[in-house]
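Same chain, two partners: chain A is paired with chain B first, then with chain C.
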Partner chain A sequence: MEQLLQLLVAGLALGARYALVTLGFVVIFRATGVINFAQGSLVLLGAYLTYQFAGPWQWPFLLAAITSVIACGACGPVIERLLLRRMVGRPAFAVIMVTLGLLIVIEQAVPTMWGQDPKNMGDPWGIDTVQAGAVTVAVRDLWTLGLTALAIAGVFGFFRYSRYGLAMRATALDQEAAQAQGISVRRVVALSWTIAGAAAALAGITVASGEAGVSPSISQIALAAFPAAILGGLDSPYGAIAGGLVIGVSQTLTAGYQPDHAAWLGDNFHVIMPYVVMIAILLVRPYGLFGTREVERA
Partner chain B sequence: MTSRSPLPHLPLSRLTVALLAAGYLLAPWRLSDFWLSVLIYGGIAAIGAVGLNLLTGYTGQVSLGHAAFLGAGAYTAGYVGVDLGWPLPAWLVAAALAGGALGALVGPAALRLRGHYLGIITLGLVLLAQHIFQEWNALTGGATGRPTTLDASIAGVDFNELTVLGQPFTREQSWFWLVWALTGLAALAVANIVRTRPGRAMQAVRDREVAAEMLGVSVTRYKIGAFVVASALAAVAGALQAGFQQYVSPSEWSLLLSIQFLAMIIVGGLGSTTGAVLGALFVGALPHLIDELSAGVPWLAGEQDSLISVFALNQIVFGLLIVLFLTLEPHGLAALWVRLRTHIARTPRWHALTRRRTG
Partner chain C sequence: MNDHRGTTERGALLSLDGLEVRYGGAIHALRGVRLEISDGEIVAVLGTNGAGKTTLLRALTGLLPAHKGHITGGTLTLAGTSLLGLDPADVVRRGIAQVMEGRRVFAELTVEENLRTGAFTRADKRAVAADFDRVYSLFPILAERRRATAGYLSGGEQQMVAIARALLAGPRLLILDEPSLGLAPAMVRRIRDNLTEINRQGTTVLLVEQNARMALSIADRGYVLETGRVVLDGPAATLLADPEVQRLYLGIGEREGVSIRELARQRRAEQQGVVSR
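After this line comes the complex of A and B, so read on.
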């Protein structure tokens, strides 16, 4: 029972990180119809910038984290302006390939600048744990859950109550109609990329904090976040959160129980578990649990 | 909606065919074994690339799962060629059948999805396959890999120790002839599929699915058909790669390999078989060219204080190639070639020359 609770808490924390990355996918997809495969590179950049500020430059950690979130938020619209805007109206796979190309470049450029060896990000919570009854919880996981909840509440509040949030929802519904009402679609798109970049940076910081450390492999989290996005439905922000949590929990549960109970599935099965869940869901519901069924038009 | 292929049909002139044939026969006499092996890998990649081009370039369906089918082909060849000890035609056909069957199994489920969804589910396919390759010890030798010293003889001619009229050839020389003969066949087969009724149907599906369906094209059937052919060709490429390397490990069949294949058809020019072959040669040879060129550059290479490793530079150049080709020259090398040719043909001097010759 303790093991189950412990795995659930760790799974929710992992799922929260996925949810942040997934939220970025969904926000961009709603505004532009593009899946940004390069999201992982912004996760990477966010973590390494925080390390650079808090480590070698000796800034206070909070300032370092906020600065890196803002910096990555600024990177988003730059990528959109320089690359993705040229791809408007091109086939889906061409757009996928451009973002994949960008991912490859940044994934190699980052270790070239900072080196391959893992770094300590200098976060204040480190490897501390707290006891809650018989359950041991990493402080890092609690912070992850808290920060993610805050960030997601902020984004959802923004969608719901602000002028631009309304503009973003209108654009997601119908781009042309939104434009006819005087909404600047360009600004909405830039804003979406900003939110995605900032969320990715926050995900990077929470992944690399504590025992994990900053290393080039953390961009892998974006690979496991795709199933989360698909699971929830690519155009549903609520689905993004739900999908992230489901994938996170199922992954830690698999890591906890599969080696004992289903050893024939092989070592490290939990790494591909998100994809197994995704394929199972897609076979039953091709547009995810909360996604809108696409209407075909000639 | 996808864009129409902009390329005029690019028939090879008799002169080009003669030059290619001469190159095919003479290259092994003139090139070092190292460059021959670069060309062999290029030819193997070209087989996979023309297959993927049929699926992505002509039918408009993206697949990030190509590496999984190469892997399946490699292990099938390993099983049939080493464990059963059968000769070249047997393991080549077995690999093609296994790849095609796997494609027929996966295709119907995957191809229900479109665009970005299809991209992500095929990405899942490649990760899943890699896991299976790592865990199925009996077939794949686990994470460390397995030997694939395949019997490369066909009708008494052994391509591992080729001897013609008492003249022995190196392994690279003989495999060059073997691989490029197969590459030629594969390219010819795909070029012919494209020009026939199924090929036209595939292009109709790419250009406008609903319109194609209205015209009586069975969209699902042709999508799956293209997927099966692409998978079979990928498996053949995987089998040949296993045969030439004589050893395979699961880490080869990664997402990066799938991306490389997509890069080949993008760099070469989508919807052009010649382009796919050119792209495969270009992307395949690029790391070796960078290796050769970087040998004398002090801030490169494996030195401790070097600015950037050769591997990282390779990947960065490769990533930039994809991005730049897609944003600046979406129709690839094939379009550059066509433009160059028209440019030359329009210069008065060349015009006069050709006029005199034909007149």
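After this line comes the complex of A and C, so read on.
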């Protein structure tokens, strides 16, 4: 029982990190129809910038983290402006290859600048744990859950109540009709990339905090978050959160129980678990958990 | 009273002259279109599929580039200032709002959210609130269903959402593309009455329709568009009484499928007639 609770908390925290990355996939997909694989590169950048600010430059950790989130939020629209806007109207395949290419470039550039060895990001909670009864929880997981909940509530509140949030939802439904209302699709797209960039940076910071450390391999979280986006429904922000949590929990439970109960599956089965879950859910619900069945009068 | 001389004296709200539109450099969609709308008028534009009606509206509202279309000649002014090269948001801010063909409501948003998108360009909260009251009194059913998801409304109610959304932009000129399309006759009559009321409250209306009878029943004047050209224009009553309009757009008589230009050519041989180009 204690083990289950412990795994659930860790799984939700992992799922929250996925959810942040997934939210970025979904927000950009809704605005532009592009699946942005470069998301992983902003995860990486977010963690390394925080390390740079808090480590070598000795800034307070909170300031370093916030600055890094803002910087990555600003990077998003720059990438869109320099690369993706030139690809408007090109085949989806070509656009996806551009984002993949960008991911590979940044994945190589980061270790060139900062080296291959893992860094300590300088977060104040480090490897601390807290005891609740017999359950041991990593402090970094609690921070991850809190910060993610805050960020996601902020984004959803923005969608629901703000003028530009409404514009983003309208644009996702019918771009030309949105334009006809005087909504600037360009601004909506830029805003989507900002949100995705900032969310990716926060994901990177939460992944790299604690004992994990900052290393080039953390961009791989985007690979596991991609099936989360698909199984949640690529056009649904709610699906992004649900998909992220489902993947995170199932992956952690697999890592916790599978070696004892199904050892024949091998040592690293949890690594492919996101894809197993994705395939299983897509077989039952082809548009994902929350994907669009179009709203139409019967 | 609504003849050409009258309109120019009152000064045109919207004025097009020699307007040329091409798509992708190849298709010549509008050829030298001349059209004027005075403040306070209802003007109908009639034409069959492919006559250029929707292209005309795209040209007015800045949506041509999204369809790889370009204005390649002529002038287009609203209250004396050119609209050429403006993007859709600028056009809305200048006072032109449109109801697109097929309604195009945001299906997953509520009625009220749909209406809020219409007011996207406006910062004057008090005036927007007043316009909300105005459209809700014009369409009481929308006030009742303001929290309903727009996609689940009936076709007629969705058309009301589309019209109300356009009105929330606070337009001087309201443009409607085929508002009667796909609606039951009773609903067409209601929409027609709504448009008369909207016009009475001071909004100029440009009504593009295949349903000529509906359009001409409320319009002051009308234009007939054929393969990108204005082939006929005049007061609504004159158009309604015009034998060719009756044959081609009102289904009276038997010579369907013959174009007005063809008929005009035949008739010119006999005598001078209605204005035709």
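In this text, the second predicted complex is superposed on the first by the 292 of 298 C-alpha atoms of A that agree within 3 Å, B and C clash if a C-alpha of one lies under 4 Å from a C-alpha of the other, contacts with A are read in each partner's own complex, and residues count from 1 in each chain.
As a working rule, a contact is a pair of C-beta atoms (placed from the backbone, for glycine too) under 8 Å apart; a residue touches a chain by one contact, two chains touch by 3 or more.
Just so we're clear, the structure is a prediction, and the values are computed from it rather than from any experiment.
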item	value
Combined model on chain A where chain B meets chain C, clash or fit	fit
Touched partner set for A:173, first chain B, second chain C, both or neither	second
Which of chain B and chain C A:103 touches, first, second, both or neither	first
Partner chain(s) touched by A:86 [first = chain B, second = chain C, both, neither]	first
Vertex chain A angle, Cα centres of chain C and chain B, expressed to the nearest 10 degrees	90
Partner chain(s) touched by A:266 [first = chain B, second = chain C, both, neither]	first
First, second, both or neither for A:158, with chain B first and chain C second	neither
Which superposed partner A:111 touches (first chain B, second chain C, both, neither)	first
Touched partner set for A:183, first chain B, second chain C, both or neither	second
Dominant toucher of chain A (residue count), chain B or chain C	B
Chain C versus chain B - closest C-alpha approach in the superposed model, Å	15
Common interface residues of chain A - those touching chain B in one complex and chain C in the other	294, 296-297
Residues on chain A engaged by chain B in the complex (per definition of touch)	29, 34-35, 83, 86-87, 89-94, 96-98, 100-105, 107-109, 111-112, 223, 226-227, 229-230, 234, 265-269, 271-272, 275-276, 278-279, 282-283, 286-287, 294, 296-298
In the complex, chain B residues that touch chain A	1-3, 56, 60, 62, 109, 112-117, 119-121, 123-124, 127-128, 131, 134-135, 208, 210-211, 214, 256, 259, 262-263, 266, 307-309, 311-312, 315-316, 318-323, 326-327, 330
Chain A-facing residues of chain C, complex	61, 63, 66, 87-89, 91-93, 98, 100, 104-109, 113, 116-118, 120-121, 149, 151-154, 165, 169
Contact footprint of chain C on chain A as seen in their complex	163, 166-167, 169-170, 173-174, 176-184, 294-297
